[in-house]
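Written below as structure tokens is the structure these notes are about.
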Amino acid sequence: MRLLEWEAKSVFRDYGIPVPEGRVASTPGEARIIAEEIDRPVAVKAQIPVGGRGKAGGILFAETPEEAEEAAGRLLGSRVRGVEVKEVLVERRLALEGELYLGVAVDRGSRAYTALATSEGGVEIEEVAARTPERIIRLTIDPLEGLRPHHARWLVKQIGLVGRRMLEAADILLRLYRLAVEMDAELTEINPLALTPEGLTAADARLNVDDNALFRHRDLLERFGGSELLGLTQREREARRLGLTYVELDGEIGVIGNGAGLTMATLDTVQLYGGRPANFLDLGGGAPADRVEAAVSFLLTDPKVEALFINILGGITRCDDVARGIIAARERAGAWKPVVVRMIGTREEEGRRLLEEAGIHCLDSMEEAAERVVSLIGGR
Amino acid sequence: MRLLEWEAKSVFRDYGIPVPEGRVASTPGEARIIAEEIDRPVAVKAQIPVGGRGKAGGILFAETPEEAEEAAGRLLGSRVRGVEVKEVLVERRLALEGELYLGVAVDRGSRAYTALATSEGGVEIEEVAARTPERIIRLTIDPLEGLRPHHARWLVKQIGLVGRRMLEAADILLRLYRLAVEMDAELTEINPLALTPEGLTAADARLNVDDNALFRHRDLLERFGGSELLGLTQREREARRLGLTYVELDGEIGVIGNGAGLTMATLDTVQLYGGRPANFLDLGGGAPADRVEAAVSFLLTDPKVEALFINILGGITRCDDVARGIIAARERAGAWKPVVVRMIGTREEEGRRLLEEAGIHCLDSMEEAAERVVSLIGGR
Amino acid sequence: MRMVRFVDAETRAVVQGITGRQGRFHTRLMLEYGTKIVAGVTPGKGGETVEGVPVYDTVAEALDRHQVDASIIFVPAPYAPDAVYEALDAELNPIVVITEGIPLRDEMEMVARAMRRGITIVGPNTPGVIKVGECKLGIMPARVFTRGRVGVISRSGTLTYEIADHISRIGLGESTCVGLGGDPITGLDFIDALRWFEEDPETEAVVLIGEIGGDAEERAADFIAEGGFTKPAVAYIAGRTAKPGKRMGHAGAIIQGSRGTAQSKMEALEAAGVSVAERPSDVARLLKALLG
Amino acid sequence: MRMVRFVDAETRAVVQGITGRQGRFHTRLMLEYGTKIVAGVTPGKGGETVEGVPVYDTVAEALDRHQVDASIIFVPAPYAPDAVYEALDAELNPIVVITEGIPLRDEMEMVARAMRRGITIVGPNTPGVIKVGECKLGIMPARVFTRGRVGVISRSGTLTYEIADHISRIGLGESTCVGLGGDPITGLDFIDALRWFEEDPETEAVVLIGEIGGDAEERAADFIAEGGFTKPAVAYIAGRTAKPGKRMGHAGAIIQGSRGTAQSKMEALEAAGVSVAERPSDVARLLKALLG
């Protein structure tokens, strides 16, 4: 779950990390009122869950409340980097003396949180990593020890801070780490951490919460529940409501598999034979007939899907259940589409028999099936 | 800081530990109202920070609100185990099927929290330890691992719980441990943990918070600030306001020392020579003249003090500062009392000179000085 | 360097979470396979039996009554870490964590504690580990495996079965197959497993089944390139069609920024001398060519 | 069994919290005594000097520039545990924690982490440790000590000086004196220190200075009775006049229930063959009698 900037900043505030004065607005009028309250030049920032917003024109500056209203009017309802802007953050514009970066991220290799710092703030960390990797200072945090104040001081000294600023930045990093742990962050960043005459301030805020940990953060869902759907397509939102593990793609062949790896491999194989997958849809382990039915029905309603490829390797998943699900979906469907089924494993014979009786042919090999489905729609 | 039962139960509630329905009352009328709300037989319990309250008549039972009012009237303002009762807890009387004990305490020997459990609840754990030590099951908790659910289950199984009751008790013990850690408990106990038809309930609650950790628990002081003074004498409360480390005793010789060990040894030596110390008063390390003055002046106002014994071994503490403090106290005092000063160490010569000039004689040996002060008031 | 322990015919295991639906079902299948499941644990259900296996409230009680070496965990995600700590306290090794959906923070702590004690965690979110024909400590369908010469290391479940099935059909068969798990944090990575297979006398070649996300495959490639693994190796990487920022089912299968693409992994492995298969069915053919 | 390390003429130390009032004052006194204070640390004050000693922001920076063995900590209670962890990370040994008022929970964690790494914590709430005439890593007044034959182990500060003064005056002198600390949880207990003194060739007898609270003295008595310490020993226990439930200055000096009374401690020590002094001044006389 990726929080929007204003949501992340609200969590930052809970942890005592300094953020600029400001609030979120969903109408130009609200933006004007907030700018009046702040009574200083403001930044009006599109709230979207994707990076590169500044370059894409998603951040505007305003000297007066009238300008803030106008800027909000321009952003709200527009699309920035393909995402519709529904809210803007109106906040005090900072007097920047410099831009740093502080981050805490899960590092797979070391199986631990890593603290990251660089004096090259204000651009995406990936860009810094590509251009001047030596400017990024990393510190692996032992999960059983945590980030200690002296670690934090060491790290921020490496990016050139001394004296009071070092202590201030170390304190912010410690808070960011505590936030990461307590909020189950996959990634949290302050980029840029602005050097201003009044001290250090988180000019932007990023917080991606581990989806698997959301059961511990019901309050977060209550506070910010809606926005996590912002980055999703219409169909992805629909799939989420149905409880399906679904990612929308651009092609014409609807794909259903069981198991994430097998489903990915199925997409890859379809593409290898010249087809273009319309989606990723993983039934998971041991799907009952009604989940199969829901998945098939869901793909049938996608106008860009011209044919379906269902690839099942039965382990916990039973082929007869899958067959029943497919048949039920066809019975329910208004419009049927060509379907290729590849199905082996647990209760394979029973499943195949059911499908054959229903006039649906079943193949043994994934590659053969991929070739068949591509040929069905005439390749590309 | 030892919390009263109702205060501890309020913290228990925060941690999801089941406690009986009830509230605290400071007038009989309030007790009646609470009993009416509960609408069941109630217990009316004196809120004092000492044990053995039940045997001393500090717990009364009431079938009706009228009886509750009357019971509260009897307890409020009375003294139970020497402490004035200012509040009573009125709570639902439990249908007891059995009484257990669960506790978490700092264990000095293992330098760790120890979880304790026994099926012999309802009596002081010390009594159980004396009578049937084998009935107390202990588990040292590694500070770097914490109490795990399987540890808790093992412990409560040892005291005879099985199935649902085992899970329930283990859950309570885990909560109690988390409370102990997060609230910096020196000791927290549920005694008895009542077995009732509706499940396990903390019939009594004890929570002693580490005084050194109170800087992390300002909220606790705000919620329950007053009651920590309940166990203190009038003069001890006064001393606390003055910032003095003072314990009141029964004798006639006021004692001031620097350092806890030396001050204790001074008391012991006075007693060895037949004197009776009126108090323990430790100046601590490096006391400035005004702290010495405050300490001397404070003891001078104690009517039972007939003579003062000031025992200083100067290290960080400077003898000249001590001398100035004594002289200032004398100048301020309405009534002076005989004083024996033993003072050696840092700036000894200067200190002695000041005292001699003021007509106060100074000795070298603690034993000699103790003998002198005892002889001054004519022994016992 | 990490010590890795897998399973064999001697391994005696406890099933934690044995009374749940999954636990019961797979206890039966593991017993059918011949795995020595000697006890089960579900707190509060002590005294019951599942498929003839006695159930205890705690692992400690199971150890009082039985010789136990290893554990397999079917406990739901919020409680799985505690089950792991219980197994660690009992020094069971390996600990196979089937559970899906455990928070990353818990996984990091779990793995750190296991590493400190020198105990192998397989998973979480793994199909488990199987020594073909001897011991199956996992949920993989027995049918696709035949005892043979190839070791399999995989981040994916069903894709492993797909590829193992081909390896079995082509007549090579498998020695030991281990699922690393589909999460970003797992107890083992490819390198840990490669070290084990390098020493395993029954393994003549290894298959690495990777997917998008992270850089475990790239690190494995470096390890192989540096001579850490010297037997023939074939790889398949899933997720060439994946879009950055979209999680493909597994929590671990996500391309973040420019990192973790299938392309990067395939190139690194090829550069290290690993034969990289285009299609799952090619894996067995490439192995056959390498092993003759 | 715990490894204990104290100090000697070779010990080079860093002062953590050197720029505070206490840190400055005692840095001067330790330097005057001849202690090798090679660096100081106060975050944010890097670049300053105190009594000619260079100050750094972190211990790691001090180690980059100097050879350092040990640390003495004057950091205020809320920050003292972090200072200890910093010293532990730098593998300084011993770590002398002068700070008073550290919460118990922090002390338990600090001590557990030090034990795991085999590093000695002296204190917290200790006057420190002195090898008389060689190295004073603490706040004890130098004046009362004369190099000699008696080791001193104490839970108290000024009472130690009182008794050491007598031992010096009577002509025996002290070898090494260590303050265990006045808190309920300390890095060392009597037994740890007795083990060290048993091996110390410069120590011919030991004084144990105890007080009410806990059962460290009783456990030490058991240890001596079992033959763990074989040199002559004299003890003094403060707090005979103490009332149960009243804390006598030290956080550790409190009689809870029937446990931790002076009576119980004195009886246990006497039963173990330790000469127990009635008055502080008797300690030196008893030693003289034992050592001749």
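As written, the chain order gives the labels A, B, C and D, with residue 1 at the start of each chain.
Here is the rule we go by: a residue touches a chain if its C-beta (ideal position, glycine included) is under 8 Å from a C-beta of that chain, and two chains touch if they have at least 3 such contacts.
Values in this document were obtained by computation on a predicted structure and should not be read as measured data.
Q: Pick the pair with more C-beta contacts: A-C or B-C?
A: By the number of C-beta pairs in contact, the winner is A-C.
Q: If you average the Cα atoms of chain A and of chain C to get two centres, how far apart are those centres in Å?
A: Whole-Å distance between the two chain centres: 27.
Q: In angstrom, rounded to a whole number, how far apart do the mean CA points of chain A and chain D lie?
A: 55
Q: Where in chain C do residues touch at least two different other chains?
A: Answer for chain C, listing residues that touch two or more other chains: there are none.
Q: For chain A, jot down the residues that touch at least 2 other chains.
A: 144
Q: In graph terms, nodes being chains and edges touches, is this line, ring, star, complete or other?
A: Graph shape here is a ring: one loop, exactly two partners per chain.
Q: So which chains actually touch one another? I want all the pairs, not just one.
A: A-C, A-D, B-C, B-D
Q: Under the touch definition given earlier, write down the residues of chain C that touch chain A in their complex.
A: 25, 77-78, 101-105, 107-109, 111-113, 116, 127, 139-141, 143-144, 154-162, 165, 182-185, 189, 209, 211-212, 214-216, 219, 236, 238-243, 245-253, 257-259, 262, 278-281
Q: Mind pulling up the chain C residues that touch chain B in the complex?
A: Residues of chain C touching chain B: 43-44, 46, 57-60, 79, 82, 85-86, 89.
Q: For a test of understanding, state which residues of chain B touch chain C in their complex under the given definition.
A: Where chain B meets chain C, its residues are 145, 148-150, 153-154, 157, 162-164, 166-167, 170.
Q: Within their complex, state which residues of chain A touch chain C.
A: Per the touch definition, chain A meets chain C at residues 50, 106, 108-109, 111-113, 124, 126, 130, 142-144, 181, 184, 186, 210-213, 215-216, 231, 245, 247, 249, 257-265, 267-272, 277, 280, 282, 284-285, 313-316, 344-346, 365-367.
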